[in-house]
Amino acid sequence: MTETAVTDSTTGSADEIVSPPGPHGYSHDKEAHLKRLRRIEGQIRGLQRMVEQDVYCIDILTQVSASTKGLQSFALQLLEEHLRHCVAAAAAGGGPEIDEKVAEATAAIARLLRT
Amino acid sequence: MTETAVTDSTTGSADEIVSPPGPHGYSHDKEAHLKRLRRIEGQIRGLQRMVEQDVYCIDILTQVSASTKGLQSFALQLLEEHLRHCVAAAAAGGGPEIDEKVAEATAAIARLLRT
Amino acid sequence: MTETAVTDSTTGSADEIVSPPGPHGYSHDKEAHLKRLRRIEGQIRGLQRMVEQDVYCIDILTQVSASTKGLQSFALQLLEEHLRHCVAAAAAGGGPEIDEKVAEATAAIARLLRT
Amino acid sequence: MTETAVTDSTTGSADEIVSPPGPHGYSHDKEAHLKRLRRIEGQIRGLQRMVEQDVYCIDILTQVSASTKGLQSFALQLLEEHLRHCVAAAAAGGGPEIDEKVAEATAAIARLLRT
């Protein structure tokens, strides 16, 4: 989690001053993302209630699968926006930055695959 | 989510009346499970803050991978306890129930694999 | 890959002397397993032809997903038979071996999940 | 598997007539890819021998995990090259094609994640 990445001059853009500033590709879908994450948070709290109430193991596992699926859908949407905006911007820029951006995105995909 | 499963006579046991009643295999690890789930809940809230603060996409994806890994570790621990207690109890019982229990556990594993 | 495991006295059975001896749970489905694996082998050879013929990357990735799905279905079927026969036999035996068998099966599931 | 994709005029290029023709991003790594796929093919044949010889289930599952990991590493490498060449080329082109390419790549990643 590099805090510096947030202010990366190549992905942010100074002329988007109006609120919300949103320097990244996913910004215009922010509300949809937050809504999705709040639903997942609710599912995790639901899991805690299930454990507290001694619900049958298999039913808890089903709920875990649903939460994991929710997280992966969120990740895929974020990744699509990242490729469309950040990676495409680096490619359009024409510089050597595209290799770095693609390697970074691929590493993120590998982490998602291996969890 | 079958409510009836909670009171399944083969997995519950009437002589465990003292608190916590815990009819399932995971009951004795309840506190550890709840602690783990609360940490995952915190990670999901962290994801919301990251989206609100326009954190760099890749860093958000890294956090998603960590949360997914947390959920899968929880699932694996639950599954292990389920196999050790519920499935083993069905096997020790010697009746036809073992086939049903194993099919049910395998279906749960398939759901975890395919998310 | 423990060669000794093959002759594990708890999972083999002395009265299955006729050929093929088949000491494990999956033995009676051997032909179905081999057929499935040969199909996957054909898919992997198909992937080689696709690479040789410069087929479009995305189409190759689709074929990789199909092969991976085939491998996972094979693994799930093997796992189900293992739980039904080896793990259940250990549970029915009533000794301490059940814990070891369950830990071993869970570790195998974890490896499948994390690939 | 769209055969048309192979001759897609946007990803192939007519002026690369010299051998190897290789219209796609992965072409220059062709030998490495083929070598990797042949190793996976050998692992799948190894799985068949294991089933024929009644090798212990858990050891077969370990080999399945290794083969799946091999396929996923191959997919990730192909995907990285695809992003670097095809997707970046679409972005540099500046036209609307980038959205289509990114959606297509994301769908492929989703298929890999869900197997």
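First chain written, first letter: the chains are A, B, C and D, and each begins at residue 1.
The rule is short, and it goes like this: a contact is a pair of C-beta atoms (placed from the backbone, for glycine too) under 8 Å apart; a residue touches a chain by one contact, two chains touch by 3 or more.
Per UniProt, the chains are A, B, C, D = DNA-binding transcriptional regulator, FrmR family.
Fair warning: this is a prediction, and the values are worked out from it, not measured in the lab.
Seen from the C-alpha centroid of chain D, the farthest chain centroid is that of B. Distance between chain A and chain B, defined via averaged C-alpha coordinates, is recorded as 24 Å.
Between chain B and chain D, the centres computed from C-alpha atoms are 34 Å apart. Shown for chain C are the residues in touch with two or more other chains, namely 72, 79, 105, 112, 114-115. Taken as a contact graph, with one node per protein chain and an edge wherever two chains touch, the assembly is complete, since every chain touches every other chain. The touching residues of chain D, counted against chain B in their complex, run 114-115. If you check the complex, the residues on chain D that touch chain C are 1-2, 5-6, 8, 11, 21-27, 30, 33-34, 37-38, 40-41, 44-45, 47-48, 51-65, 67-69, 71-72, 74-75, 78-79, 81-82, 86, 104-105, 108, 111-112, 115.
Chain contact summary for the complex, chain A toward chain D: residues 72, 76, 79-80, 83-84, 87-92, 94, 98-99, 102-103, 105-106, 109-110, 112-114.
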